[in-house]
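Listed next: structures, encoded as structure tokens.
One chain, chain A, links the two complexes that follow: it is found with chain B in the first and with chain C in the second.
Right, the complex of A and B next:
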């Protein structure tokens, strides 16, 4: 991969909370239109990694580069405007707004910074995740699965180059999970953006992603195709423990 | 807002605007009653902007009201604006739009200066306490301001200007309507969208490109501007601007109660709340003068028990802007 093609690059990122090292020396590169799964046991540092990328936390050491530009520790709203959108593990929609208004926030204030064509962008994003029929429904009255879809629509409407998905399937039933997989595939196919996807449902990641990164105790222990990763001894140990013999 | 409702509002405003031409109206009790309803409605809109729409509970409205009142009195008595014109036109400061706007500007500047550190560091209850503390600081500064602020006594503006309450009534009505229209337009714009986003979820707002601190400070300063203009208007009514009158906590507490009773985060709630609550306060003052705070307090408790969402949301349905 050419260095200038890399969209997001994490260089030796370390994050410490007091004496606790949550991320240690993590290097990650995300290329254009890549769909990368990020997995790891509980407490592996996946959400912290997202929070470092989106500048909710500043890393203790290391740098975050986006399109070759150092974005370590700049304000979160500027990260969004540069083209990194995200969803949250505990869904964060604007509850007193309608679905359409939620998505408008992304369209108006995100990377697109659209004022003129914001309405079209918002409607297209709702269409993409299949929420057109709920356009004028108050978010407070929507189901969890619809709110998760709405978060993705809001992120897509902000016209990002990179989308970070933080456990979009948490709390969804099998039917809704299938719907989410379809939406993630459609977003990638139609928008051509890169995605970094944290998920506990490893089987979904293995089915959909072209590349998988595994974190354990704050360190990157594997990075490769789903096939490579599932055969990696360190990964098996992290999930199942060391062999008895 | 429905079309029928729009027409009712237009007719109501027109009727109120024509009221001073009705013989005897100006001298009637309800005339000054209405003036105060308008004044409190403007203050309630000011609080509703920062707290209801912006989600930042401010307890400093009285400080901005007082700053507007003092700014007007100081500009006027010191003749800082119009120079020699003041000699030829002694009424030039009376309801002068520039003087009134400056009252708002001074309050808004103070809000921006105090809002930056407060809003970047404090959230929720702590921000509320910070603004309350700010109000006390401002009051003490004016008490100790020497000749410039008239110290504990305050400043007396040329009360000889007064001959009728008509201009007060019209200006208050006009400002109340203008404030409601401006806030309505704001909330339909992209800036209103950002305010609601910040109120609903700060982290999601900033993750979607909204500069949260900027939105909060702007809402706080905008609210202060409205309160400052209201304070300026009050100067033309009371003429004696003193620390105990214009920095009185009532200028914060009453508009807050009115907004909550009328409907926080609704456009007409503050106006409706001001009308209902001021009627209750005034009626209690006349009918049971010894117990009027009890009646007012009871009304607020009953309203919170049975109409926790406020009058607008309880009777006018769901609409946020209605």
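Right, the complex of A and C next:
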């Protein structure tokens, strides 16, 4: 990968809360159209990493670069206009609004306040995740799996170059998980965007992603193909504990 | 046991209560909007209403502008004042997680406005007396005051416009999104300062509209606003916090309660019972009387 092609680059990012180091010296580079799985045990710092990338938290040290530009510490509402969108572990669709209204908010504000073609973008995003039939349904009446799909549509409608997925499969049944895998693949293929995907369902990550990053106790302990990562001793220790001496 | 009065008196009572209560309602709609995006109880709302009433009075006695016509001036000025007020006073405090600073600013603003009004217009009771102040009209077969009816229509129109704005415009949708989940809305590219400023602008514009209704209906003094804030707060709790039509309905309901208590029990009990209802609603139905709770994910 050429350095100038890198979409997102984290340089030696550290995040401390008081004396607690949640992220330590993390370097990550995401290239164009990459689908990267981000795994790690509970408390490894995955959510904090997302919050640092989306500028909810400013890193204690280090820099976040997007398309070569330093975006460390900018206002969170500018993040999405630059081309970074995210979904949430606990779905955060706007419940009093219809599916279409939710996606419109992304299509207009997420893309920097455009009005032209916003309706088309919103409809296309709903189509992409297969929610066209629920277009005018209030989100409060939708199932969890549909709300997760809607979050992806809302993010996609803002025309991001990078999509951060925060456990999109949490709480879904096997059929819905398969549907989610299909949608993630379709979004990547049709929109050509890059994705960083946090997931507890490691088997799904290993099947779908070509590259996997593993965090443990705030440090990056592995970064490679699924095969490399599953054979990494540190990763096995992080998930299973150290072998008995 | 009460002796039920004849139906025409009951109707009269209900009508007067509802018409007066609409004014609490329109104040509550403003509170609801500001609370929605900023999670701040804007206690100075009542003081702003009285300020608007004095402004209407000054326009009437100074320039001869009809109080109802002055809506065309008061509402746009309110929009501007609200916008400036947010950026001047609340913007910095809004960035803090803790809302106490914002609340103290609102309280400080309330006292400042009250005392400035006392300096400028004196502490005595003032009013606006026009040719139609004492005019009555026939409504539903009962006679009622023309100005109260106008106040009711203003409240209805104000709430209706706010509803249209929230439902039909994309900026309104952004305000709703931010009211529901500010963090998610922010990550969708919505600037918190922008929606907060919009909520303040509309809130103060509504205070302006309420000021017109107050000026034409009641005598007022610089310190009458605080009671208005409290009554708006009661209306807000009755209607369900964050529910715009509920806020208006809550105001009307409060007006009815007050009218009935005054008639059936005594005037002295009015406020005690109103605040008692307020606490009871907060304890037993905190989501408001008119809102169906919806399932959270």
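Observations on the model:
As a working rule, the second predicted complex is superposed on the first by the 242 of 245 C-alpha atoms of A that agree within 3 Å, B and C clash if a C-alpha of one lies under 4 Å from a C-alpha of the other, contacts with A are read in each partner's own complex, and residues count from 1 in each chain.
Just so it is clear, contacts are C-beta pairs under 8 Å (C-beta built on N, C-alpha and C of every residue); 3 or more make two chains touch, one makes a residue touch a chain.
These numbers come from a predicted model, not from an experiment.
Partners chain B and chain C clash in the overlay (superposition on chain A).
Within the superposed three-chain model, A:57 lies out of touch with both chain B and chain C [touch as defined at top]. In the overlay built on the shared chain, the residue A:75 is in contact with chain B and with chain C.
Look at A:239: by the touch rule set out above, it reaches neither chain B nor chain C.
In the overlay built on the shared chain, the residue A:110 is in contact with chain B and with chain C. In the superposed model, A:101 lies in contact with both chain B and chain C. Within the superposed three-chain model, A:90 lies in touch with chain C and out of touch with chain B [touch as defined at top]. In the superposed pair of complexes, A:144 makes contact with chain C only, with no contact to chain B. The contact surfaces that chain B and chain C form on chain A in the two complexes overlap at residues 54, 56, 75-77, 79-81, 85-86, 88, 92-97, 101, 104-106, 108-111, 113, 115, 118, 154, 158. On chain A, the positions that touch chain B within their shared complex are 54, 56, 75-77, 79-81, 85-86, 88, 92-97, 101, 104-106, 108-111, 113, 115, 118, 138, 154-155, 158. Considering their complex, residues 54, 56, 75-81, 85-86, 88, 90-97, 101-102, 104-106, 108-113, 115, 118, 140, 144, 147, 154, 158 of chain A touch chain C. Listing the residues of chain B that touch chain A in their complex gives 190, 193-194, 196-197, 199-201, 203-212, 265, 318, 320. Here chain C touches chain A in the complex through residues 170, 173-174, 176-177, 180-181, 183-192, 294-297, going by the rule given at the top.
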